[in-house]
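Here the structure comes first, spelled out in structure tokens, and everything after it is commentary.
Note that the chains take the letters A, B, C and D in the order they are written out, and that residue 1 is the start of every chain.
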Amino acid sequence: MNELLRRLLFLPEQASSFAADVDRLHYFVIITTFIASTAVGLTAIAFFIRYHRRTEEQTTPHIEPPLWMELLFFGVPLSFFLLWFFIGYREFVRQQTPPSDAMDVYVMGKKWMWQFAYPDGPNAINVLRVPAGRNVRLLMTSRDVIHSFYVPEFRVKKDVLPGRYTDQWFNAVTPGRYQILCSQYCGTGHSLMRGEVIVMKPQDYEDWLAAQKHGLVTKQDGAPTGMDAAPPLGNLVAQGRRVAADEGCLKCHSTDGTRHIGPTWLDLYHRREKLSDGTLVDADEAYLTRSMMDPALEVVDGFQPVMPSFQGKLGGPEVAALVEYIKSLRSDAVQTGPSEGPAYAPVRVR
Amino acid sequence: MAESALPAKELHQPEEHGGRHSAVPYFVVWIALLGFTALTYFTGTAHLGPWALAIALCIAVIKSGMVALVFMHLKDSSGATRLVFATSLVFMALLLFFTVADVATRFRLATPAGSPFGTERSQPAGLLEHELPEEE
Amino acid sequence: MRLSESDSSALAGAQRHLSYLEDGTTVMSWLNTRDHKRIGVMFLAAVLFFFFIGGVFALALRMKLLQPGPFLMDALSYNRLFTLHGVVMIFLFLIPAIPSAFGNFVLPLMIGARDVAFPRLNLASFYIYLAGAAIAIFGMVHGGADTGWTFYTPYSSTTPTQVLPILLGAFVVGFSSILTGLNFIVTVHTLRAPGLSWMRLPLFVWGIYATSIIQILATPVLGITLLIVAVERVAGFGMFDPARGGDPVLFQHMFWFYSHPAVYIMILPGMGVISETVCAYSRKNAFGYKAIALSSLGIAFVGFFTWGHHMFVSGQSTFNAGAFGILSMIVGIFTAVKVFNWVGILYRGAIAFRTPFAYICGFLYFLVFGGMTGVALATTSLDIHWHDTYFVIAHFHFIMVGASMMAFLAGLHYWFPKMFGKTYPEGWGLVAASLIILGFNATFIPQFLLGNFGMPRRYYQYPEQFQALNVASTAGATLLGFGLLIILIYLFIALRWGPRCEANPWGSKGFEWMTDSPPTTHNFDEIPTITQMPHDYRTHEAPGVIGAA
Amino acid sequence: MPHELSSAAGFEGVPEELIGHHFSSLGRQTEAMRLGMWLFLATEVLLFAGLFCGYAVYRFQFPLAFQESSRHLNISLGTLNTLVLITSSFTVAMAIHYARTDKPRAAALCLILTILFALGFLGIKAVEYAEHFREHALPGKYYAAEAVKVPGAAMFYTMYFLMTGLHGVHVIAGMSVLSYILWRTLQGRYSSRYSVGIELGGLYWHLVDLVWIFLYPLLYLI
């Protein structure tokens, strides 16, 4: 019965623990509605036939409904509606409050891609791996506009808001690959902002996690979109700090605001720099990347053009990590940049 | 023009504004308004803590009630106009109630960074890396 | 000397038999008119024009969705298309359609008044509507916004496309809606004919009165919300800017505080038209008149309590979702009561199956189907799967295009003889009605299934498994478009060359049929005294002028 | 014919075009215009309701920032503004009273006083705005005041500028309505028999004052 109705209504697979309950309420509502509306339809058609107009001068009696009939018209639908509501709302509350033993995964929606980060390490683009049969809680935030994390097979959906967290949870029952869709309009790439949830057997998941830890898996999970390929291990800011130390940037650039051989990186992001030839430039990502690759082109006023070019020495991910690191260096003034995502930190909330 | 029954809910005509209209009520209300402004000034600047908002709003409601009833002649105007003014206030309260109720009962981390019960993110960055105190 | 009643009728004596159409045929007499009937006809023309434009956008969208991949247009123009389809259809067609076009024309006739309370304000509201529409068209021509008709921030405040003109256009059209609502409320309160108590008002007047309450109380909140987004785009600081602690969900609260009552602005006048036409064509008194009238007011007031059901998954708190869920169930009851009472009207009536009656059947079917899916959506747990998918699109199109447009067409055909004194071809009417009902089902039932299947809305490219249903839906859409085209054609022909008809072709005892059609400029020679309920068919006596002094 | 409520004699000398052809009596039309005006005032109340709703939400989320920032507003200028507006509300009420008791000259004088008070209000507001611009206490991303560094302070000033800005626009609109009425009063248009025009103008000005009565404590005091 469940399978027949599910297939009849084009409902996707019931791959999470509460999908079956949701669909059961769905069937209850649809069947009652069909019965009630066919009954109303048939009475209407019966009246059409029984009381069609016979002569032009026909007169009709003045009929007022008795009070009991009006109360019936009011009471019967109300009781059904409230019954559905209580079943539905109990289910809704169960879906909205994640169990405390849930495994946390941090989701960051960014213009047209999903980025997943597990608290103890690996993060991935557009591919979320979860063990089957385990409660998984998603702590989600957005880097720019509102997105919405939607997996039809799990019957889960929650908007992802910039500047704050929203959370939702699911317990994927059957292993397999399920599509993640963005269901809140977010621009031209809204329909391409798709990801994948790979539900694995618990043992496979443990092996994958261990492999990720040791960095053996060089291939980045899922096709990295050209815009923002995050390095495999650790979050971007930590990665940027490591690259800055290794490449010797910190020998000339201070990160605490003091003047050094090069301009300080504190509050550098979106600062209006006066160049040696007097023009003003806004220190955004483009400027930072250009000054890494061709430092002599735009020298800040009052500094010597001694910086070596890093053309060919720094790959795309390292440059992105450095830019993220520079963006995170901000004095305690009120935030002036765009709403940045939260740093990934284990957050214990009952 | 035959005399005929009034429409059932006829708007009663306000009494004719002949010469007997006195200006005394306006003066009284003016003085009262000045008095209440002084009252709200002192209660406002004296730090009363959580009660400040409630007191200030009560005084504001009293003042606006006086202006509406006397200055705007709501006292002697028809039922329909009073109903209109009352419903607009009811619907303003409705909008405020549900919106603030939403913000108040939201998932704790869903409030923005920087609000007192906001995310840990609002603390200085250094604190994040330490392990959080176990008891929540 | 004061203008006594007898003088005014002597004054009108000269143009006694000139209908409002013949009373001055220069363009200026139309553009500078104070006559509520002419303003109604001008609104009808403007509204139909924008309905046509919105329809063209809809067909373009459906064409693109034939293919899952890029086809016919790029992502940005697709996004602009569905935004403009939404804005044009809602702000420029559905909200003004029945209240401003038919309400303007028929309301004064129904309550025995010569005109609305503020005729100049009525004309001003028409020109404000045109100004708003012009600003919106200016925005469309310059590319148009790609934010969706809901303008959710922070996308709407950061996208580089032409959002500002569309925002200001909607803001200005909102004023026209407020002024129309204000005019009608004052008219119903102060200009009722003697003997016309509140419980004798025709049900259409109840529908328009309830709609005007919503227009007055809800539109200003939309005004301030769009204004704040416009300020955020222009001046750079805004209430909803997340980087400064602003709350995008607050925008959704304030937007839906207007937009949910707005969907009742769109459906309540339709219900008013249906109450009138069901009584007229089944020649029967309104079964449960008090229940239908009071549930119109009920929908108007309780409609303000339920806006949160648009935001169940948008980060709103669980408590609020429950509160809004229960209140949404209560507002659903009023519609159910109305449907049962409409079916009750048919009992022991004398039903004549004409074109408007075909639209009534369509209306009832779509209202029940759409309404029940609305109730299903309001059970919060089902909404998680359905929100922002094609299920929701099918739900509101069932109510908007199904019920509200069917009522608009029923009213158009029912009052066509009253407004223009011509009859439309009955045969073609029935053909077009069945085509539309068939086409509509073929368009939107596949979309319900798409929603169940999990296809999100506003998708330029969609996964392959959704293609079959999308193709079926597009096929239905072309049939629907074709059906509407037939109506346009035969109504235009009937207008130009149609046979003149007698004053009351349907033999209806609605109050608006008391005057001859098309009515004279001053509606009534003598203001009638109303002594009984509308649609009282117990006596056969020709439905002439009742109780004229 | 509807029952003639007010005595027929009371309408001599009323200009012809004042009674719309569709209204049966002047009393009914005045009642209609009052109801229409009150409906318009309801829309104004709901217009400001949007901003009050924003204020309530952000005050709830950033209580510290709102208290700190409101202490840095110039309370004395705010109180002075409240007194100015209340007195202007009083003078417009007196203007209506004089118009109704056939003293058009006194009514005109009161209207001029009201307009001057309104100008005074805008002047004081301009002084406050200048002060905010100097100490960079500006809304949204322009906020860089040293005095209050708590997150959410930018949101207070966003609400402050939005609310006082919209209120200022309404003060300017009210002044133009009052000057139109002043011109009509000087023409001797209003008398004890026909004074609905000045009443409606007065109603609009009282509403502008009502909104400020709520703005003042919310922004300046708590």
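Following the convention adopted for this analysis, a contact is a pair of C-beta atoms (placed from the backbone, for glycine too) under 8 Å apart; a residue touches a chain by one contact, two chains touch by 3 or more.
Everything numeric in this text was worked out from a predicted model, so none of it was measured.
S.K.: So which one's got more C-beta contacts, C-D or B-C?
M.R.: More C-beta contacts join the chains of C-D.
S.K.: Of all chains present, which has the mean Cα position farthest from that of chain B?
M.R.: Most distant chain from chain B: A.
S.K.: If you average the C-alpha positions per chain, which one ends up nearest the average over all of them?
M.R.: Of the chains present, the most centrally placed is C.
S.K.: Rounded to a whole Å, what is the gap between the Cα centroids of chain A and chain C?
M.R.: Spacing between the chain centres: roughly 36 Å.
S.K.: Counting in whole Å, what is the centre-to-centre distance of chain B and chain C, each centre being its mean C-alpha position?
M.R.: Using C-alpha averages as centres, the distance is 34 Å.
S.K.: Just the number, please: Cα centre separation of chain B and chain D in whole Å.
M.R.: For chain B versus chain D, the centre distance works out to 16 Å.
S.K.: If you look at chain D, which of its residues touch at least two other chains?
M.R.: 1-2, 31, 35, 39, 42-43, 46, 49-50, 53, 57, 61-62, 141, 143, 151-152, 154
S.K.: Can you list every residue of chain A that touches 2 or more other chains, as numbers and ranges?
M.R.: 161, 163-164, 166, 332, 335
S.K.: Could you tell me which residues belong to chain B and also touch two or more other chains?
M.R.: Within chain B, the residues that touch at least two other chains are 1-2, 4, 6-7, 11, 80, 87-88, 91, 95, 99, 103-104, 107, 110-115, 118.
S.K.: Over in the complex, which chain A residues touch chain C? Could you list them?
M.R.: Counting only chain A, the residues touching chain C are 9-12, 21-22, 25-26, 29-30, 33, 37, 40-41, 43-44, 47-48, 51-54, 56-65, 69-70, 73-74, 77-78, 81-82, 84-85, 87-89, 91-93, 95-97, 144-146, 148, 150, 152-153, 155-159, 161-164, 166, 179, 181-192, 194, 335, 337-339.
S.K.: In the complex of these two chains, what residues of chain B are touching chain C?
M.R.: 1-2, 4-9, 11, 80, 87-88, 91, 94-95, 98-99, 101-107, 110, 112-115
S.K.: Touching chain B in the complex: which residues of chain C?
M.R.: Where chain C meets chain B, its residues are 5, 189-190, 192, 194-199, 213, 217, 221, 242, 245-247, 249-250, 253-254, 257, 304-305, 307-308, 315-320, 323-324, 529, 549.
S.K.: In the complex, go through chain C and note every residue touching chain A.
M.R.: 74-76, 79, 146-148, 152, 154-155, 158-159, 242-246, 248-249, 282-285, 287-289, 291, 312-315, 318, 321-322, 325-326, 329-330, 332-333, 336-337, 339-341, 343-344, 346-353, 361, 364-365, 368-369, 372, 375-376, 378-382, 384-385, 387-389, 449-450, 452-454, 456-463, 469, 507, 536-540
S.K.: Which stretch or stretches of chain D touch chain C in the complex?
M.R.: Of all residues in chain D, those touching chain C are 1-2, 8, 11, 14, 16, 19-24, 28-29, 31-32, 35-36, 39-40, 42-44, 46-51, 53-54, 57-58, 61-62, 138-143, 151-152, 154-155, 158-159, 161-162, 166.
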